[in-house]
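Attaching a single structure in C-alpha cells format; questions to follow.
A, B and C label the chains in the order they appear, each numbered from 1.
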Amino acid sequence: MSVVEASPAQSEALEQGPRRSVGSFLRDNEIDTRMVGMIGVLIVIWVGFHFLSGGTFITPRNLWNLSVQTSSIAIMATGMVLVIVSRNIDLSVGSMVGTVGMVMAMLQVEWLPSLMGRGNSWIWVVALALGLVLGAAIGALQGSIIAYVGVPSFIVTLGGLLVWRGFAWLTASGRTIAPMDPNFQLLGGGARGSLGDTGSWILGAVACVGIIALLVMGRRRRTKFGFRLRPIWLDIVLGVLGCAVVLATVWVMSSYYLPENLARAYAEDNGIPWPEGGLLVPYGIAYPVLILLGVTLVMAFVTNRLRFGRYVFSIGGNPEAANLAGIKTKRTIVKTFMTMGILVGVSAAVSIARLNAAVSGLGTLNELYVIAAAVIGGTSLSGGIGTIPGAILGALVMQSLQSGMVLIGVGAPVQDVALGVVLVTAVAIDTVYRRRAAR
Amino acid sequence: MKKRLWAFVAVLALVVAACGDDGAETTTTAAGEATTTEGEAATTTEAGGDTTTVAGGDCIVGMSWNNYNEERWAKHDEPAIVAALEAGGCEYIQADAGSSEEQQITDVENLIAQGANVVMILAQNTQAILPAVQSATDQGIPVIAYDRLIEDANTFYVSFDNVLVGQLMAEVIFEAVPTGNYIVLKGNGSDANSDFLREGIGSVIDAAVEAGDITIVGEDYTDNWDPGLAQTAVDQWLTQANDDVQAVVSENDGMATGAAAALDARGLLGTVALSGQDADVAALNRVALGTQLVSVWKDARALGTAAGEAAVQLAGGATLADVEGTAEFVYTNKESGVETVLTSILLTPIPITQDNLNEVVDAEWIAVEDLCAGGATAGPCAG
Amino acid sequence: MTTNQTDGVTPLVEMRDMSVSFGGVHAVEDVSIDLRPGEILGLVGGNGAGKSTLIKTLAGAQKADSGQIFIEGKPVTITTPRDAKAHGIETIYQTLALADNVDAPSNMFLGRELLTRWGTLDDSAMENATRKIMGRLNPKFQNFKTPVNALSGGQRQSVAIARAVHFNARILIMDEPTAALGPAETEQVRQLMRQLKSEGIGIIMISHDIHDVFDLADRISVMLQGKLVGTVDKDKVTMDEVLAMIIIGKLPQDVTQTELADLRG
C-alpha cells in the first residue's frame, strides 16, 4: 500500500494540524459535504415534527406512509437532475404524467380487456410497458425539437405542459377511470403491495453486503494504482453507518403491521389459524419504494458509470468543449428527455396505482415539486452540477415538510407558503455556500 | 437531421389528427355552433325595452367555463345547455378559461364581441369576475351565474342549493354515525361552494360537535379539489388519530376517491362512512359496492336545461324577474356582512344511497354495467 | 524571401486556397499555408485577420467554403473535430475547451473515454494515465479529483496541453498558448514546445506576442483582413519587418525605411 504525495493544498492543511476544518477533511476524502448537511436538515425536520405532533412523526406507520408519498416525485426528480445538469428544463412532466397515466388507466380498464379478455393476468404488464413507451416517445419528441430544431427547452416544455394536459383530458373525455387492474394496484403500495418482512430483511442484507463490497472494491482499486486511500477507520465508519441506515430502514418498515381486519384477511388467504393474541403481519418495504430504489440504482449507474452520464455533465459544464471533444451533444440531449419520459411513465404508474384511479387532472403541478426537489438536492439551474441521491433527499425533505404539516394541523394555504420559503432558502444557502467554497 | 425533423412533424400531425376525432365526439355541437356565429351581427336586447324577435341566428348565448377539465361539464351540463338553447332557437358559443381569473374576464369580453346576447358564467373566482359582469351589464347584456354564485344583484343565479347539498350528505352520514370521530374534506379554498357545503354540513353536525358527541379530528381545504392531496391528508389524519375515525365527509366524489384509497390501505373501506357529491361513475359504483354511503346527485342536465331555458327567455327580452320559476335568494358575505339579493333558480339535489340507486339508472345518468362493476349486488345490480 | 515551397520534404500539413465566408464577409480568402515535420509555424495577424477561423478549419470546428487540406501529401476531408483527431491533429483552444465541472482525468479523455470490458467508464485507468502524463509535464500537479474550475490558470493550461499531447498528435494547433500564463509557466510551455518539436511534431502557433513568436517559430505566416500577406523564415527577417507585414501588409522587400520608422514611432 503506497501513498502518493499530498497536493499543495493538502500539505498546507496537514501543516495547519487540528485547525483544519471538518469540511475540508470530508472533501479530501471524497465525502459530499452538501449531502451530509442535507441529511442533518432532514433529521432536524423529523425530530421537530415528532415533538410537534406529540410523538407521531417518527413512528413506523408515518415513516412508511412518508416513503410511499415521496416515491412518485422522487422517481421523476432523478431524471430531472440530468435534464437540468445539461442546461435544460422540463416544465411538462406534470402534464405528461396526466397523459401517460390516463392512457395506462384506459388500457387496463377498457382497451386491453376487450383485446386480451377481462381479467387476463398479463394486462398490467402490457399497460405498464406501453405507458413507458409512450413516455419515452413524448420525451424523444420534445427532446428532438429542443436539440435539432433549437427551440429552447423552456418553451418546448411549456408548450408540452399545455398540450399534454389537453391530451390527458381528451384520452377519456375528462372522466375518472377507476379501479385499476388488481395486479397493477400493487405498484402503489398498500396492504398487498409490500415486500413483507422476510423479503425486506433479505433485501437489507443484500444492500449491506453491497455497500461493504463497494467500499472494499474501491480500496482495492486505489491500492492497485497507488492512489491515496481514505483512512481505514473512515471507511469502516462509512461501512458501519451505511449498513446501520439500511438495516434501520428495513426494521422500521417491518415494524409497521397490518391493521387487524387486514391481518385477518391475510391469515385467511394463507390458511393460518388466527391465534389468541392476534397476528402481527409486517408490511415491509412498499413496492413503490422498491421501484424508487431500483430507479435510483439505475440512474446512479447511468450517471457515474456510463459515457452518457459523463457527456450530460460535460455538456452542462461547457457545451462548446463537449462539441469540440467530438461528443454527439444533440443525441445526448434527446436521450436525457427520453429518460425523463420513461421515468414519468414509472411515476404515473405508481400514482394511479396508489390512488386506484386516474383523473384528468393527474399530475397537476408535479413539475414544480420535481424541479424543487432536484434543486433543493443540490442541482444547479445554471447546469453542470447535481446528484441523484441529492434529488431524492430533496424530495424527501419536501414531502416530510408537507406531510408533517398536515399531521400537526397546519392548513393548506400555510403549507404552500412554507414550502415556497423552504425552496428559496435552500437555494440561497446553496448559492452562498458555493460562492464561499470557490474562494 | 432534416429527415428526423420531418419524421417527427409527420408523427405529430398524425397524432393530432387521430386525437382530434376523439375530442370531436363530445364537443361537435359546441364547435359546430361556434363556427356559424362568426359573421353574425350582434343584436343587443334591452331588458324591459323594445323586444326583438328571437329568430334563428339572432340569439347567441355565450358560455364562459372556468375550467373544462372535469368530467361533468362536457358529459352532462353542456349537452343539456345546448339542447335547451337549440330548442329555443339560440346559437351556442363558449370559451374555457383554464382556471385563470384573468383569462375568464377576457373570455367574457370575447363572447360579447362575438355577438352574445346573453352570457353564462361558471366563475373561477366569484370576486374576480365582477368587472366582467359589470361590463356586460353596462352593455345591456344579461348575465347568468351558472352553478357558482357571483356577488352581483344583476346576475341571474342558477344552481343547485349547495348549502342543501352539504346538509343532505351530512344527514346521511350523521344518521349512520351519530357519535364518533369525523374527518371533513373541504374543496378548493377560493371556491365559495366549499364554504356553502361546509355551512350545510355544519347545520347538521354542529350541535353534536358542541355537545362533544362528534369530534372533528381532521378538516382542511384541498387545493384544486385534488384527489391525490386528499389521499395524503387522510393518510396523515388516520395516522394522527390512530385509525380511530368513524366518518369521512368529503365535499365531492373526486376527493372521496382519494379518501377511499387511504381508507382501503388501512382496511377501513366499507366500515368508515364516506360521502361525496357529483354522482360520478366511480362514486356510484362505490355506493353500489357499499364502500361509500352517499353521493349527492345534482342532475347537471337539469341544471343545464334550466340555465339554457332561462337564457332563451332573457335573450328574448325578459327581465330577470320575468323568467319562469325564479325565487329570491339572499346571500350574505361572511367577511363583509354585505347582503346581496339574487334572482335565482335553485334546483333540488338528490342524495343517492343504496336505497335509491335505480333513480340514476332510470334517468340514464349511468349505465347498469358501470354501476355494478366489481360484483355489486345492491339495488338494480341484484340478479 | 517568402517560402511556399518546401525543400523536397513532404509537408506535414498543407492548406491550399482556403476560403471561409460569413454572410457577405470573407473571413478567410484564398489562404495557403503549410507546415513541415518538426517545425513551429507562427500564425500572426491583427484582430479580425482570420487566423482563428483558418485554424478552425484544420481543427474540424469550422467548415471551409472552399480549399483543400493535405496531410502528408494526401488529400483529406475534415468536417468534425473527430475527423481532425483521427488524422492526428490536436488543438489547444484559447479558451482551453475544458468542461469546468468535471475533473482532470475526465477532461483528458473527454469523448475518448477508457472503458472497462463491460462498457462502463474505467475511471481508475483514466486517473492512472492522467497521473503519468501530468507527471511528465507538471510533476507538482496533484488535483486529480477536483473539478478543473478549482485549478489555477496554469494548471488548467497544462491539462489542456497534456490532453493534446497524449493522443499521439502529429500536428498540434496552439491558439495563444501563453496568453494567460505567468513567466514561470510560460517558460514551461516554451520548453515543452521545443521538446515536442524535437520529436518531429509540427506545431501551428497563433500568437499576438511577437517576442514569443520570434523565440519559438521557425517560419511565420502573416494574415491581414482574411488574406495571406506572406510567409517568411524567421532567421531572414527582423521583428519590425514582420510588424510591417502585420499592420501595413507589405512584404519586407516592399516596405520602405520611413514606413518602418513610423511603426516604431
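Everything below uses one rule, namely that a residue touches a chain if its C-beta (ideal position, glycine included) is under 8 Å from a C-beta of that chain, and two chains touch if they have at least 3 such contacts.
Quick caveat, the model's predicted, so the values are computed rather than measured.
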{"item": "Per Cα centroids, the chain farthest from subunit C", "value": "B"}
{"item": "Most heavily contacting chain pair (counted by C-beta pairs in contact)", "value": "A-B"}
{"item": "Inter-chain centre distance, subunit A versus subunit B - centres from mean C-alpha coordinates, in Å", "value": "37"}
{"item": "Centroid spacing, where centroids are CA-atom means, of subunit A and subunit C in whole angstrom", "value": "46"}
{"item": "Geometric centre distance via CA averages, subunit C-subunit B, whole Å", "value": "72"}
{"item": "Subunit A to subunit C touching residues, read off their complex", "value": "4-10, 30, 221-222, 224-225, 227, 304-307, 310, 313-314, 316-318, 320-327, 384-385, 438"}
{"item": "Subunit B to subunit A touching residues, read off their complex", "value": "1, 4-5, 8, 11-12, 19, 22-23, 25-26, 68-71, 73-75, 189, 218, 220-224, 226-229, 231-233, 235-237, 239-240, 243, 253-254, 257-258, 260-261, 264-268, 271, 280-282, 285, 374"}
{"item": "Subunit A contact footprint on subunit C (complex, rising order)", "value": "59, 61, 80-82, 85, 91, 93, 95-102, 106, 110-113, 115, 119-121, 124, 127-128, 131, 140, 142-143, 145, 147, 150"}
{"item": "Contacting residues of subunit A [partner subunit B, same complex]", "value": "53, 56, 59, 61-62, 65, 69, 141, 144-145, 148-149, 165, 167, 169-171, 173-176, 178-179, 189-191, 258-262, 265, 351, 354-357, 359-362, 364, 402-403, 406-407, 409, 411-413, 416"}
